[in-house]
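Alright, structures below, take your time with them.
In the two complexes below, chain A is the common chain; its partner is chain B in one and chain C in the other.
Entry: the complex of A and B
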């Protein structure tokens, strides 16, 4: 893999609240703000951090399924509605299921590397509470191969896919210890979310999180191996940041200490039509991580903070193995021992992750980059940890480990 | 004829009422699932009531509820629709199921619609003459093999059977309000009853997910036999207290104690409002007519009705004003028959005086809602009531008197032979009235 031909930076990040069940102000019976509200809020919060919004050269909007959740297409043009400075400029929409955010980042990075732009705005957005979860499951099933899989698939298509992964993992590596680790993952996610006022689970006050996380799954109403607490949230939200060249940073009046550098990324896909080669491994994610670390020229031991795509607790455990933080089958031990906790060797999802912060699908990859940026530049406020090492690493994953971006950022 | 066969043609008379609409929903969904599993059969559910308005409201209710059922049972629907290549998404299957539920429903205003029914449910108003009139007509209209299940809560079934000429073919099948939610069916088997009908009634309960509690054919059965006496005790307490503390204060106090001190879902007067003050009076009069019980009467209930204060619910399920005026389902004012107006609760005024008079609640962490799903419910109730027993506040005194009266009413039902066992009374109160515990207990 080639090293990046010139330095690229991420700066001026902003996330909105992840809105949905769990937030006190969320009332499903009332009319709620739509796509533009979240796009506008995130974009304006980014542009407020720079000297001159006109310096934005291009924009990328990352969104998975607005065409179905919101009956809205032509999102590139909708992005220009967020700020007058965005009109009559090149904007593009990208899509890669729940890995959409990662693709948005990569698209912007490539534009800067191609020297077509010095400042590219990246926005991720998804507004999913327009439909009940039972109908949302149909929409999200579009991240799998719809034609061959939806009809025979489970009512809750993706929860069932990862329930199958959990079942396979239980059989191979032991159910009880894995179940306990899944509950520990949940407890860690909610504990972190309680420190992040933007998180959907910020208001969570459940006293015994592990006990809740251990709830017995109900296959009749949901899935065989996952309970509802194993799942990420149904969320409305947006995240945005600027991808800049060195010149871009200077023009915007942002110092190097206000930015993180893209040390390397890996972006790979696997065949959507085929079943994953091994249900107990995130094979594609592993390749993406290898790409990111390889391009950055670093070892995972140099990473001080992680953001992984914990769409389900079991996915979190599989992700720490894909990162190489634990050997195959040993992820549960690392998680149960607190290895991914705020004080652990590998602090992960410090703002709550998909389970604690929420999962506005198309926005999640951008949201991860924003939160890593916050940690690395010391702007994470309530969820700030002392990051002991210079790098942060994210995995933005789409579908059942099909479309994946991993990215290493350096402060 | 097996239950499955009888379900192919079912009628509900009085279908648009509160109980009738719930029973109609249970049957409509049952029939839709049966039709999905048995694609060759023809299924008809005839829903009969007296007004077009009521029947339209019923259809709207069925649609809305069928939608909720389909969303909740989506896993089951995906299995049932596995062979339908045209149905891929959850949303498509949910819409198809709602369509299926409505597909088998016929509505009408005449009893002729029940002509071909193999099974007829009756849920008309609790009036002897009305029910007898309906059953006599149905006896003419329907075939000789038709079975009848009557949702009667007080009128003896033997009496109805004899008066209508349906002996052997009719059974008391008393659902609880709301029928789609409450798990209880009180089963009253008259002297003459086809064993096939008894077996069918039991099988139907299993299919509908209901628990059957048998009651003997004595007016009011177990449910109303307890509820009427429980309500009259509350009214008696109001009459005893109101001389000292005032009427509205007494109503407020007794309702609050019967809810929050006894840990019930509703206070006694809210419950009477929920059922309807008119229905409460009607049940009392039915019971007096059929059993020697002159004490089953209340001047206060008669007075309220004379003044036009009736309680009950609107067709959309909202609570109408009765003992209380309601805002968002909660009592906010008490009707004072002397002044002929509602007296609003003044949180800093008379309501605060009632609170002071009752004394502190024995344990504010204990409530019907909090204990509903608690696995240690029994131990917690025991500890809670031992505090009630030891306290000398007025609230605890009223609670003890209330629990004792409730227990006495329950034991009397066993002594009268209405219930075979104390457990049956307890089951009716826990399953039909959503109480956390039965009245026959050793807590106090």
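Entry: the complex of A and C
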């Protein structure tokens, strides 16, 4: 794993509120802000942190399904509309299902490494509350191999895919302890979200989170192993940050202490058509994590804070194993024992994660990078933890462990 | 305009047939091949040209609207399914409306410049004949600012946008001579397509092309300045090639004479929400061309073959002016005098272009690069011209002159 050819930094991050059910101000009956609102809010919050917006050389916009949620393509050009300083500059949109945000980060990093730019603006955005949930699920099914997987009777929605993973895991490693760990994952996510004013579950006041997390799934449904609380949110939101060279940081008037360095990343994409080789393992994510750690030249024990793709509680547990924090089958023990908690050995999703903060799909990978940046530079405010080690690590995952970016960031 | 930091080459190009009305084998009543068919065909035709498919380090897939035409996202993962050698490698999908292909080329070039890869596979693909034309036009309207432009009574389809451009051009520079030049553009496109067996208009046998090109548009329609023959095709197709470092070419067993060098490119994106500053000028394309020529350090007079985005005949004329081949208002004279013909000073769209070859939207920019590569290395077969100068130049344009890449290639 070759090191990156020159230093690359992330700085000036900003996330919007993750809007959707759970937020007090969310009213599904009212017309709500659209794609541009979220793009503009995130971009302007980033640009407000730097000396001069004209210093942005290029832009990358990460979005999964605006074509269907918002009937909008050509998002590169919509990004150019977010600020006068962006007009007539190079912009591109990238997509890789729910792993879109990670691809956005990588594209910007490449631009800096290529010496085409010193400052690249990356924005992730998704606005999904434009359609009813059942139509939304059909849209998101485009993250899988739509043509083949819609056949065969079993409704093809992502909850069903991950319910199947949970079922396989229960069978191999024991259902009861895994279910308890899933409830513990939920409780950790909501607990963290309550500290993050931008989180969709910020207003959550459920007294006993573990109890609701233990709710029995409907055995007649197509998600017979998942309950409602196992699922991430349907969200509208955006996240943005700047990817910079050393020269870029200096030009922007940002000190090294305001930035994190990209220590390494792994980008691994598996075949959409074939079934995952093992339902109890995130094989692709594992490879991506190995790539990130290998390029950074570190061991996972040097990482002080994690952001992982918990589209479902079971995915969080599988991610913990993919990170190498627990052996296969032992993820539930680590989670139930509080190992991923704020005071645990491996604080994970301190922002709330996809279940607590929310999951504006194309934005999530960028949102994770912003939240790791916040933790590592000490700007996480209400959800700040004392990060005991120099690195943060993220997993941005698209589809059923198909399109994955993992990235190690160093403060 | 800084030169690229190291040499980058394009090689091993392949285009599929552009399928749709016009092709003898096209039957709209039958189920036709889908997205994967075209991706796989183009990818395998590229890989058949090299010593070892495992040498591909990364992949880029350029697609505009599979989300709506095919209900498919996560195309990076679909690309990984095209060949066993692609599995578990970094892949990304990019989008920028009809300029998507150009963005795909740039993304691969960045990857090589970043020293992350020596060989990057780029595929452009679009399969559009899955819906009736009127729905297709609505889908493609996502290349513009859908939310605002669907309002106001005037149907918002791209033909209407470019009809308005034609009308403005007629008013400023004279309708009759421009209409004649549009018919000449059509005749040149079809004449070239008849030499290219992959072209959608390859089977065209119309005796008097200029006469049909002069057909009077319907003054009651929303495209009162365009007739059917002014329009590019609704197409299914894919295009692919390899973007390589010097080391990559050597590893693949390809000689320099089998490749073209990326001499320079310009990538310029304008604000989607604002109207173009001048309907008679492709302002963004002009800037992109200046960027490409500037980075290459050449004058347009050194270019021996052109591929431009003639989504409509009027756009072709405007492109000729954006290239600097004619002064504003003088494009029609150049075109009518045969200046863009096979034997002219500036041979343009020798493949047939978007009107003759066809317009599989997300693929077109890649298809142009493949056709320039064919001309410059002498592999254009039936449509080969003796290219008198060392450079080829393309314009890949998305939306109404919004997201543009221009690229100069050197044999």
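Note that in this section the second predicted complex is superposed on the first by the 401 of 411 C-alpha atoms of A that agree within 3 Å, B and C clash if a C-alpha of one lies under 4 Å from a C-alpha of the other, contacts with A are read in each partner's own complex, and residues count from 1 in each chain.
The working rule: a residue touches a chain if its C-beta (ideal position, glycine included) is under 8 Å from a C-beta of that chain, and two chains touch if they have at least 3 such contacts.
Just so you know, these numbers come straight off a predicted model, no measurement behind them.
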For chain A, which side has the bigger count of touched residues, chain B or chain C? C
Contact-wise, after the overlay, does A:90 reach chain B, chain C, both or neither (first, second, both, neither)? second
Looking at A:220 after the superposition, I want to know if it touches chain B, chain C, both of them or none. Which is it: first, second, both, neither? first
Touching A:292 in the superposition: chain B (first), chain C (second), both, neither? neither
Considering only the touch criterion stated at the top, classify A:116 as touching first (chain B), second (chain C), both, or neither. second
Need the overlap of the two footprints on chain A, from chain B and from chain C, as residue ranges. 141
Name, in rising order, each residue of chain C that touches chain A in their complex. 2, 5, 34, 36, 59, 64-65, 67-68, 70-81, 86-97, 103, 106-107, 109-111, 113-116, 139, 141-147, 267-274, 284, 287, 398-399, 402-403
Sort out for me which residues of chain B touch chain A in the complex. 71-72, 74-78, 85, 88-91, 94
Please name which positions on chain A make contact with chain B in the complex. 132, 134-135, 137-138, 141, 150-151, 154-155, 219-221
